[in-house]
Structure formats: structure tokens, C-alpha cells
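In what follows, chain A forms one complex with chain B and a second complex with chain C.
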Partner chain A sequence: MAVDTAPAPATPAALLDEKRTRKPIGGAVLAVIGAVIGGFALGKLGDRSVTFTLNLTLPDASWTVPAAPTVAILAALAAAAGILVAIGVPTRWFKLIMAAGATCLALSLLCWAMSQEGVVFRIESILAGALFLSLPYMFGALSGVVCERSGVINIGIEGQFLMGAFFGVLVASITGNSYAGILGAMIAGSLLTLLLAALATRYQVNQVVTGVILNLLALGFTGFMYDQLKKTPGYNNPHGVSNISSWLESIGLGFLGDIPVIGPVLFRQSIFVYVGLGLVAVIWFLLYRTRWGLRTRAVGEHPAAADSMGVNVNRLRFWNVAAAGLISGFGGAFFTIANNLAFNKNMTAGLGFVALAVMIVGRWNPLGVLAGALIFGFTTQVSRYLDTAGNSIIPGEFLQMLPYAVTLVVVAGLIGKAKAPAADGVPYNPGDK
Partner chain B sequence: MSNDAQAPATDKSEPGPKKAPFGVVFLRYMTEANSVMVTVYSLLMAFVIGAILLIVSDEYTRSTFTYFFSRPQDAVYASRDIIYESYLAVFEGAILNLNTLDRFAAGTAELGDLLRPISETLLYATPLIFTGLAVGLAFRAGLFNIGAQGQLIFGMMGALIIGFSLDLPPIVHIPLAVAAGAIAGAAFGAVPGVLKATTGAHEVISSIMLNNIAALFLVWALSTSFLHSDTKTDLVSKSPDASATLPKLLAWLNPSLRVNLALIIGIAAAVLVWWLLSKSTFGYRIRAVGFNEHASQTAGMNIGRTYVTTMGTAGGLAGLAGAALALGVGSTGITTNTALEYGFDGITVALLGRANPAGIVAAALLFGALKAGALSAQPDVPVDISILLQAIIVLFIAAPALVRAILHLRIPRGGLVTLEAKGW
Partner chain C sequence: MRLELRGLTKKFGSFTADDNIDLTVEPGQIHAVLGENGAGKSTLMNMLYGILEPTSGEILIDGEPLTFSGPSDAIAAGIGMVHQHFKLVGPFSVADNVQLGREHTRGGGVLSAKAAREAVLDVSERYGLRLDPDAICEDLPVGVQQRVEIVKALSGPETELLILDEPTAVLTPAEITELLEIMRSLAASGTSILFISHKLKEVQAVADTITVIRRGKVVAELEPTASETEMASAMVGRAVTLTIDKTPAEPGEPRLEIEGLTVVNGAGVKVLDGLDLTVHSGEIVGLAGVEGNGQTELARTILGLLKPDAGQIIIDGVNVRSHTPSRRIADGLGYIPEDRGRDGVIAEFSVAENLVLNQYKDMPYAGGGVVRADAIRQRALGSIAEFDIRTQSPNELVSSLSGGNAQKVIIAREFSRPRHLLVAAQPTRGVDVGATEFIHQRLVTERDTGTGVLLISSELDEIYAMADRIAVIYNGRIVGEVAPDTPREVIGRLMVGASMEDAEHADPDEVEVTGPEAEETPAAEAAETSAPEADDTPTTDSGTSESDSNDEQSNGGDR
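Here is the complex of A and B:
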């Protein structure tokens, strides 16, 4: 992906000094896709329509727009953005125009899919669900950020999810208390990262290989225990944790949940959502504004330098990785306790690896992780929504592939440009400087 | 840090004529963290940990521990029984059924019945040889191919399509269908290589994503009228023609012995990979890139192309595992369950076999036995005990320093042997 920066045409004097970005191929591809979708929409959609509703706050309100022109206009906007990028735009507008073009394209496809008979675009459900479904990615990626900022690759997030999901529901069933279950999930996740931390720092083994083995270990262990405990009922009986709305109502702020769009998205969520959003802020603050954060980043970038400034590299790495397991274990509890589901073998279905991709998209930064997790959450939510809404244009299996395919595209498109911490995955041995 | 360990060793072995007695040499070998002993101790420790988990997770045995101090013998006997029964059930499913042995001695069972567990072990080991080679070959180039599962699924579909859609004599049909499986697997396997070569995407993430995509694709493909069975309603594929079905090796003893020609192909593939790695230019390039990609690049090798060809070859090997499954199931056709976790087991096989072909065949036999045993012991012993034991074994194999520390072994002269995969 070569970025051609050509000087601006000399006519307007003000633009002389401004840099311009041109991406002929990328722009042309976007323009062609947009034009094709727009053309097909006008030809194929006929008199179908798209219905939007705010089903959670204003159940009576609904807006219906004809599908063909809506899709065509959105696709035309995407095509226009593509043409602009192809002929060159000021560099400072480039990202904005690309993002707008991609959003218009995604929205046009979404409207096309929603134009199906009997499918209604429930804006509030979809947005609230997207935030909820972004949680496993958020927790997993934050755990990855803490590990990799301190220089240890954590490929075992999937395994920590499984451990968290299993022990969360086990402890919750035994104690009858979901919060105890969450605590159990965190500890279980941390047990797995403790192993990774010990192997990575004390025994200096290869972290990628160990991470993959730890995933298998968690898969085998939870599957084994699941089968053993299945023989006696009562160990796999989750209690979901309550929504925040009941708490808001109890302190007299129940009206917050009735605000259209914002209410259901932000004030009627499971407490997992608030913990996730809070954690993003906390970890960002810790990483960039505290002594611990400075040391962690130093250990991840240049451990020898940190060592000579008096930081015990391997000890800091050990405790950071162990603590990161608490976060991914919490994320594991999402699968069972937040969804009020019983544990099932391999129920995380590769989402731990998607979380790794989210971490890369977020460039090892908690705020970037938040953005990446929201995009993936939205993708997952849309694919699930279309799948359950009985969409017949695309087979359900292909919709379920969407998060994985997006991960593939994103990792392929971004990893070259996203720089991992310099000492990520390199064991540090104070002896051989 | 290995100075103190080395000094006496050089004293003993260097002066030629005066040899240490065999017992001393043997003990010395036993207490050293060389790759053979690390493997042995890893296996032993894994079975011990497995035993502990069996005790902890069994309801009755756990209940006997609640009154351990008043009647300790109950807990001891219960623990002994659960360990003995579980491991015996696995052993009987994998190697030799003692019950059948009695009947065989009494003359009421045939040799075919006696060989059934072995045949099952070989049957389950066959795909593991291929997927182990697929992971192991990539390891030698410094690539961690955890996408063998997806490559296997595509190989399965490729072999099956040629298997039922063409009408040919077996001598042409079988090789063609097997080759189709290899090609389908290779094409799918090359994708992470291409992505890594062109964009730098890490092969672990891209290949695990392709695994998920392949699994979903199989579900969809099985529902299409092209692949779906003409006679059955559940999610089963058409079955391959008789002319494409791999012949059973022991059918002359008993037609129900399922081990088939794929085992021979698997061993041939292992020999081929050995030749490829140690005798061919391609293999030399693979190993050079694995040792040091920058030096290889400086020496004029095309790193990107090596990634693509290595991943393609690895995918082809995993595709052969798929062909072995699709053409070996006979008239039943493939389901979403046919692939089991052979692709993921390939990772553990390659690690235990230390990415060398002979080791991979041995590891595949061991894990094939574990799989056959676990599947036959299923309701009593959780089937996932095979994944669990495999993971514990290779965790120790991958971390020889841990084994050394737990058992206080000495460091061997060449240092500890371990496998490496690169980070981002």
C-alpha cells in the first residue's frame, strides 16, 4: 500500500503548501464497489422499503423509507469518497473521507439487508447489543495490552476466556452468588496467566508456543471438568447479573433509561458494560499517567534500559501478566454470567483470537482498543441480527463468518503499520546484556 | 551457569580407555535434561497430573476425602480404583482389550477382534501424522501453522468432491481424489503465507481465523444440494464412490478393522518430508529461513516466497489428512464432526515430535492411541482427557527449563532443546 503524496496543483495559492494524499487503487476500488451496489440497488430492490424503529423507548414510532434510493444514495456517497481519494485530497482530510466512505458503504449494505420483508431496523436494540457484544473483545484486548506493553505476548486469551467462563459459572452455582462467580472467573483466568508469566519470565520459554499450548490446556481442562461435573447436576447453573436500570430506578434516575437511543445504549446495560468502559479509562490512565505505566512501557520497549534505571524487569512483567489474567478472566465470565448461559465446551469459539486482532487494531492503546472493540461488536451484532431475522440473501454461516473475516482483513491491512512494543515477546535475561 | 555441571562430565567421558560403568552412565543420562529424558518425564508427569484431576473431579472419590482423617483407606482405595479403571479403559480401547485376550485364549474370539484396538489406534493416528507434519514442516521455517484444522477441512471437501463426482477405475480415482485433497488444503494453507509475505499479518491470527471460516464454510457446504446426501436428511455429505474409497489394510482378517491405505500414505509422506527437509534445496531454504531470516535474505533467498511455499506445502499435508478422512469413512459420508480436532492435535504432535518427521510419526501413534482410547472409554472417562493430557505433555516439552527445575535435572552439554515461533 504505497501512499503517493504529490504536490497540489498550483492554482489556489492557499493550497500550495498543503500536502495531498492520493490512493488511486484503493479509491478506485471503493468507487467501483459503490457504483456497482448503487446500480444494483436501483435495478433490483424495486419498491421494497426499510423500516427504522426505536423499539425500546418509543415503541410506536417508526420511519419507513424506500430502500432503492436510500441504498443508492449511500452507495453513491461511498463512490464519491472513493473518487475523491483517487484524485487526491488534503492529507488532513484523508482519514475522515476514507472513514466516511467506508461507513456509507457499510450502511448501504446494511440497509439492503434490512430491506427484506419482515425485517425491521431496531436502532436501539442493535446499538445496545453492539456495545454489549463488544465486551469480550474489550476485556481480551485490554488484557493483551497490559501483557504486551510489558513485553510478554499473550496468545492465550482464548484459554483465559474459557477458564473464566467455566469457573465463573461453577463458583456462581456453588455459592449461588453471581458476583462470587465473577471473582472466581477472574482468579481462574489469572491462574492461567500466572503459568504464562512464570514460563515467560523465569523459564524464558517461547511465548507464542506457550500461549497456544495454554489455549489447548484450557480447552482440554474445561472440557474434561465439564464432562466430569455433568454427572452431578447443579454445577452448571448460572445466575445472570442484573442490569443497571433497576439500580438507576432505585435511586430515582430511572428517567435516564427513557431517553431515546442514549437511554437503552448507556443506561439500561448490564454492569459488565460499565466495568468494561471504566477499565478502558483506568488502564489508559495507569499506562500513560502513572509511574507504574511508565515503567511498564519502558520494560516493553527497552528492558535493558529499564533495568539499568533500577526496574526489576522480570518481576514487573510477572505481576503485570498475572494481573492481566484477572481482566481476561472477567471477560470469560461474560460468556456465561453476563449472558446467563450455562457453560459449554469451546463456547468462546475463537473470540479470544479476535480480541488479539482488536488489540492490534487499537495499536496497543486502551482507547484504540475501545474503538476497535466497538467496530467488532457492531459487526457481530449486525451479523447475529440478520441471522436471527431470517435473512435469505446471505446464508447464516456466511454472516457468522463476518467477525473472523473482518479480523483477517484488519490484521492484514494494519499490522504492517501498527508497531508492536519493541521488546514484545523477547524474554529478558539480566545476565546476558 | 552450566560450568559446574560440565566439569565432571568432561572428566568422565574425555579420557578414552577408562569408561564409566554402565550403571553410572545410565544414571547420569537419566538425571540430565536431554531431549529424550525430558520427553519421558513430560509423559510421566502428565499422567500423574491427569490422575490427580481424575481424583479431584470424580464425585464419589471426592466424597471419600471429606472423611479422610477418620477412614483414610476409603480415599486411598477410591483414588486407586478411579485411576486404575480410567487408565485401563483408555489402554483397552487403544492397545489391547484384556477381556478379548481371555476370550482369544479360550478360543471364542478371533485374531481380528484382538487387533481391533490397535487398528483403531492406527486409524486415529493416520490423520495426526499428516497434520503433525503440516505443523512441523512450517515450524522448521519459523512459522507457527495453527491452521491445520481449516486446511484439513478444505482437503476433506476437495477429496470428497472428486471422490463422488467422477467415474473412474480405482487405480486412477484414488490418487486423483487424494491429490485433490492435497491441492485444496495447499490452496487454503497458502493464504496465511501470502498474507504474511505481503502484509506481515501474523500467521497465528490469520490461520486461526481461517479455521473458523473453514468450519462455518463446511456447515454451509454440507447444506448445499451439491454436497448434501441424496438419501439422508441430517447434515451429511454424499459418500465417495467405491472406486475412490481407500482400501482397508486388514479387511482379510476382519472387515470391521478400519485402518486403511492412508496409513501407508502417511508414512510415505513422513519419509518424503524427511527427504525434503534434509536433502532438497527447498528444505534447505526452509531451514535457513527458520534459523535466521535476515541472514537468508542477505544470502539471496526470497523470504516471502519461502513463506508462501512452506505454508502451501504444509496445507497440502493437512489436506491429505482431510483426504484420508473423506475417502476412509466409506459409505457414511462426512459430517461437521468428521474432522474432530485433528488439526489442533497436529500442533501437539509436532511439538512432541520436535518437528522432525520420525518423531512426528511416533508422537502421532502415541496421541492416536490416546484418542482411540479416550473415544472408546467415553461415557466413563471424559473424552477431553486426551486433549488435556496432550496439552500437559507438550507444555512440559515446550518448557524443558520447567521440567529441569521441577525434577532438579542437570543441563546437558548442548543446552536445552526447545522450539521457537516468532512474535509480531
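Here is the complex of A and C:
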């Protein structure tokens, strides 16, 4: 049956009206910022220049462009996008124009920052680092997706990270094997979500409160254990994991790592990167192409509907949340094992909460999570890079703020109202309507 | 399938929702269960579908006693249920909703979209219920969503008994006609149907046997030949008058004049589009229309909760553009909101507090910034007596009242102060026969004292019974104003967007076309294409949640 979901016929003028999107305030802000940056660039940058290199594969190649016009042109493009949005654009172009404007603005700021004396834009290092640093966001947000798609708010990702980070390093030290450590991290993360699952489904406690408490519990517990471990040396030794490049070389594919840009980004990474990317694909497939996924989404959207078709809502929620802890626990191991760092008190520094933001930016979809995580990974990497490159115009503390500032701007400005699963955070009692 | 219930009883604590119910559904029979809100119908069906466990009693299918520990047991036994509030996952496609819980897989739990689509097409062809398996449910008009529910219920392994719980509550007249036709053809093909309703006309039209339930007990077994009065009296337990005694209206000066009213919602859709309407003193103007065509916005704009983008509202000759809602109320505007739970009462406040919600800061209920409990209590005692509000005391919470009594609290609040204009939106929604009778009589009394009454209702019966003049709203415009003796078909056509001339000259039989082909009439087609545009089209769970939550309360549901 041809069920026509299009609006009833309207006059041509009205049709044109409806298909345009206008954001006067957002557009004007973008335009003004673009214009200001462009103006300052022309006035202040003088004859500075930006140098790009492929430092990992072709150390000799480098390109240098004058900073002032580059920054000014990028800023002007951003301003133009802002003006377009302010006066109204066709709705199907809106997102593209907005994203292009934001990208131009970010690139112009980046070029400005890289125009400092002695700072070189090392494209490969920055991109490879960005992918690596996006991992905690990716693991945390994927864990959040699995929980919230089933209708349970998991605000305790931070706590699961801490548990994973700590137990990962502890098990790795005891066994002398990082892979055993990773397994320990997953189980530790899952133990915490088991508690959340039981409280949320069996006892129907408020899930936000539970999550906050579990975070504090994990923070206190790992902090205490850390103090104990300091007295017994040898139990805080992460061992680290191997890089894929050595394995590629051993099977004769070492040349893959030498491809400019792609090589360092994709073929010289820690195995954590491949697990993360693989998980994105696997969870997307599971959610949208399998029976488990259909039921999980139904339970998060309209549990009564699922219940009336014989799906055991609370049991499915329980096991999904418990399983999600394996993912965030794995993400916890990133902080210690993947970075080959010893555990430290509160070493996750709030990234679990940023991961929640990434989940929302990604609209509860694994592919969106991948995009969001990459943006956040990129900003983290840039802020670190500029900080270590020294003599930056901006103080290091402000640079460290960058990922969080991006969170606010992206969530508030670009995404707007994201639609959470309808039954997210709502306990289910069989017999409810 | 032959279904037999023997002595089925359900107790919630000390409250008995269903008491010793005996009922037999013969194969291929349409068996109606009639009862007021809170009579125990929903509890009974939930036991039958395995959602609730009976306290005692037996369910026998083809003579074999069965116990259900969950809906999946009931489905396996061949029972399908269409719930009052659709159990559809809004963002899912039709095929995904139908396959939920019994997915078509290619092994290893991987879904087969093709098999799911074919299964929907198979069932929809077999029963003549046309559906697009790929359509997203939340975008579909309510009538089509219900068709999805029926196909879902029929897609069980061997569904032989279909439970329809208040299926017509959210449908347009054309959709109701079509549903009744579907029910008849299903019964003819051997499916037994248990039809839960409190709408007498529909029961009369379609049922083979009628069981009346009152306060959890079977009080009568009637034949479909029974008169409406007979059925209503059995439901309520006393004699009920279904017709309203009213003298011809004597319209006076205009109370409400609306000119070119336009309201654009957040999504940029014109929910009201140049609407013109006048209500005079001493008349009831009935606003008929399919829900979601701007009625909600119109009522809210008259009250001042929405700002018009164009046009004006004149009350008693004064343009009220700059007046706040509280000023409009103080100037004599009465308002009975359509969503009682959200806009009408504060459920966790007492009856007495709810009765003075719009006067709490005025003398004599408050002075010097302090409320006067005594005055409020006196007022409450007066209203409770005058409006027959069934409550233990003025201090009882409104949440513990039945739907009808909560509505009486609103009526009492609005009718107990001077007013010139009354906007009554769905005033009897989810209200039982007895209370409906009372509310209708008060509305007529109101009219006779010179108030202008705008009655917004999706029940055409109510409009016919009450209105002195009928205005039909479609897509935010008044598409016709007609006298109350206009044939139903004409109004039905206007409600789905036909022009005045088309509506009057079309062959009236065409709307009543039998079976699924009914959909091909321009009217039904128009209903399908137009509804998604309206912003407020009730989706799976919104809309009439009110009646049901009250149902639940008076059932003593212990949650």
C-alpha cells in the first residue's frame, strides 16, 4: 500500500518555505567569529608561515604556506557558511554547510596555532595520535550505547574505566601477561555494571543516582588499593601490548606501514585500535541486523510492546548492562596497558563523562560514536601536541580545556536536540502500560 | 477456538478487580464485553493474555485448562491481543514490529528482512489488511497503526482468538466502520473475537453476544438486539437517559470571535491556518474533526498558552492579544482541557486544592499571601455536594479518584465562578456513562444561563447530542459550518478534508463501503495522507492515556 507520508499538497511558496532551514543566531555567531579571526589573522600574523610534514614516512618532504592568507581564507569560508545559515539554506544542505563551516573554523585556528616559530604540523603523528586517543571515548560510548539502547542509563562509565585501568594493571603484573590483564580489566568493569544492572532492573533504583554512587565507589576503592600497592612494589607494572607493525613485518606486509599518511594511521597502531574499530562494526551489526539488536532496541524504546510479545524486558536489560561493562572495562585497560603506564589515582580524569557526551553526539549509534570519538580524539591530540611543542600562544591549561570546550559547543550548537531511546532510564514493571 | 473462563478472580490486596467471572466465547463468534471504566475489563483481558496472574479460577481452551505465565504462553495457545494503547515501537518499521518476539532469522540470530517483509504481506493479503511492511510506524495514521496491531496479533503461530481492547477509542468514523467490517470478516473466517468496549452503538452493530461487567462481576448477558438504554442501565446499575433534554438555542451577542487565526509550531508547520470561528452567548458550538487537526492548539491559543502568529481572538468585544492566561480566566473564560492529567488537575494535590487552582490567590481563599484553609475547605464541601464528586473527603488526593470524578473536579472548578465563555475540550473522554450524562446536563445548563460554549470533541455522537451548530476543523481551518441535523456522512467527509460541495453531493453510501476496499474511497485515502502532517497525531502511546490510567487506579493496581 502506498502510504504517503509527505505533507498534504501546499502552495508552491509554502513548499519552498518548509524546505529551508534558518538559524539566525547560530549562523551570525559563526559569521562573526570567522570574520574576527580572519581580520586578526591578516593584522597579527605578519609573515609567519605554517609548515606541514609527513614526519613518519617521508621525513624529508615538507610544505610551507604563508600563515596569514591561509588562516584568513579558511576563516572567511567559515564566515560565509555562517552567513548562509543565517539567511537560510535548503534543509538538505544545512548539515553539510554547518559542518563545513565548523571544520574551516577549526582548521583556521589550527593553522594559527601551528604558525608559531618552531612548531611544525606533523600530519601523520597528529592523525595517528588522534585515532589512538579517541579509543577511551569509543569504548566508553559503545558501552553507553549498549546500556541506553536497552533503556538503562549508564552514567558510571568513569567508574568502570577506573576499575578496568586498575585491575588491568594488577592482573598484568601478577601474571606477567598484558592480555590476561585486559581480561581482568573487562571482568572488573563488568562487576561494576552487574551491580548497576541488579539495582536498575531488580530493585528499580534511580539509575542516575546509582551511576554516580558507583563512580564514587570505584574512585574510592581504586584510590585505596593504589595506596596499598605503593607499599608492595611490582604490582603496578602494566607490561604494555605489542604494536601491529611488528606482526605485519613478520608476515611480510611491513610495507603497508610505509604508505604515506595511511600507513602510520592504520598499520602502525596498538591492537587496542583494531579492537575499538572492530567493536564499532560488530555492535552496529548486532544492533541493527540481529534478533538480539531488534529486541534490545525495542526494550529501550517501548518495553511494554516488547513484553507483550514475550520478550523478558528486565532479563535482557540485565545481561546487556552486564555485558556493556566488559566494553568499558576494556576501555579502562587503555589508560594503563595500552599506554604502558602505571595506575594512578583518578587517572581517567573525567574521560568517562566525555564518553557519555560522545554517545549523545553519536546519537546512540555506533557509527555516530565513531565519528564523535574521532573528533574528540583529534582535539585531545592537538591540545597535547601544541602543549608539548612549547612556546604556544595559549597557556597549556587552556589547551587541556579544548576537548571539554568542544564537547559543549558540539552538544549545544551542532547536535541540538538528540532523541534518546524513549524508555531510557525508565524502570520497567511488567503490567505497565 | 472455544474459550471458556470459569470463576476467574483477580485481587489486588483487599481490592477485588474481577470477581468470579464466567464467560464463554464460541468459535467464530464476536463476543462483546461491556463495562464502565474501572469495571475490571482490562484486568480480565490482561489475565487472559498472561500479563497478570489470576488469583483463582480457570482458563480453558477447547476444554483444556491452561495456565499462562506470560504473553508468550498466550500467543503460543493461539491468542492475539490488540491493546487499547498500541504496543508499537514507534521508530521501527511495520515488519520489525510484527516480527518482534518471533523474529525471522537466517540462523545465528541474524535477521532476514526479506522473510519478515513477506510474512507481513502474507498475513495482510490473507485477511485483506493492506500494509506497507517498510513504513515506519510512528509516521502512520492511527487507523493504520491499528491495522499493524491486528496483523501483529494475527501473525501468531495459529491465532484463533483475537482480543480487541477498546479498539475504536482513537479512530475516525470512517476507520471505525472499516474496523467493524474487518471484525466481521475475521469472524466469518473462523476467528473468535473478544471485543472490549464501552461504546454501545459499536457493540450493538457487531457483537453476537454481550457480557456486561460492573464492579468486577458479570451482571448481565444480553443479545445484540438489546436496546442501548438496556445496555447502559446494566453497565451503570441504574436507569440512564442517553438523550439530552434541551430547548432550542437562543443565541445572543458574540462571546468569542476568531479571525484568521494562524499558529505555526516549532517544526514550521501551520497547525492553525487562518481559522475563523464565532461563538455566541447561549449556544453550544460543536467543533468536530479528526484529532490532530488543530483542536488542541486552538484551545490552547484561546486560553493564551500559545501565541498566535497571525489573526486575532476577541472575547466579549475585547481583543485579548496582550492578555495573559490568568487575566483571560479572571475575565470570565472557563477551560476544560483535553488532557486531564497534564493540564486539568494536579494529581498529587487534594480535591480541595484542585478546586481553587485558578482562584487560590484571590479573596476569600487567600489574604496577605497566605491561603485560608478554612475557606478552601468550605468551598470544597459545597462543590463536592453540588457536583456529586465521589470522594472520601476534601483532603483526598485527586490521583485516587476515578477518571469521571477527577473530571467533575475540573467541571466544578470551572463552573463555580462567573464566566461568559467556556472552552470544553473532550469533556467526557475516559468518563463513564453516568458521569457523561451529568457533564452533558451541566453544559446545557451553562448554555441556558447565557454562556457561549465551544465544545471540542472527537466523538461525533457527543457533537450531535450537544451542539446547536457544528463547525468542522481540518488541517487547522474550519472547512464547514453546518446545522446539527446534517447527515453523518457529510460531516465525516468534511472531517477528512472534502470541500463543502463535495461533502454534500457525494453519494452517502460510499463511505459505508464494506471491507478493506473502503480504503479506496477518497475520504479514507485523504485521511491516510493527511494525518502524518498534523503535529499532534496521537502515536503509539499518547492520546488517551488518561482514561486508562484512571482505569488502572480504580482497579486498585498496586504499583
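Quick note on the criterion: the second predicted complex is superposed on the first by the 404 of 433 C-alpha atoms of A that agree within 3 Å, B and C clash if a C-alpha of one lies under 4 Å from a C-alpha of the other, contacts with A are read in each partner's own complex, and residues count from 1 in each chain.
One rule holds for everything that comes next: contacts are C-beta pairs under 8 Å (C-beta built on N, C-alpha and C of every residue); 3 or more make two chains touch, one makes a residue touch a chain.
Source: prediction; values computed, not measured.
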If you tally the residues of chain A touched by each partner, is the higher count for chain B or for chain C?
B
Looking at the overlay, what does A:297 touch: chain B (first), chain C (second), both, or neither?
second
Taking the superposition on A as described, I'd like to know which of chain B and chain C A:274 touches: first, second, both or neither.
neither
Give one of first, second, both or neither to describe whether A:214 is in contact with chain B, with chain C, with both, or with none.
first
Figure out whether A:311 sits in contact with chain B (first) or chain C (second), or with both, or with neither.
second
Should A:289 be classified as contacting the first partner (chain B), the second (chain C), both, or neither?
second
Identify the partner contact of A:255: answer first if only chain B is touched, second if only chain C is, both if each is, neither if none is.
neither
For A:63, is the partner it touches chain B (first), chain C (second), both, or none of the two (neither)?
neither
Who does A:224 touch here: chain B (first), chain C (second), both, or neither?
first
Do any residues of chain A touch both chain B and chain C, and if so, which are they?
431
Per the touch rule, the chain C residues reaching chain A in their complex are 46, 49, 51-52, 70-72, 75, 81, 83, 85, 87-92, 96-97, 99-103, 105, 109-111, 130-132, 135-136, 139-140, 144, 152, 268-269, 475, 497, 528-530, 532-533, 540-541, 545, 548-549, 552, 557, 559
Chain A partner, complex, touching residues on chain B are 1, 53, 57-59, 144, 146, 195, 198-202, 204-206, 208-213, 216-217, 219-220, 223, 344, 347-348, 351, 382-392, 394-395, 398-399, 401-402, 405, 418-424
List of chain A residues in touch with chain B within their complex
153, 155, 199, 203-210, 212-214, 216-217, 219-221, 223-229, 231-232, 345, 349-350, 353-354, 356-357, 360, 395, 397-398, 400-401, 404-405, 407-408, 411-413, 415-416, 420, 424-426, 431
Would you pull the chain A residues touching chain C in the complex into a rising list?
1-8, 17-18, 289-295, 297-298, 301-302, 304-312, 422, 429-433
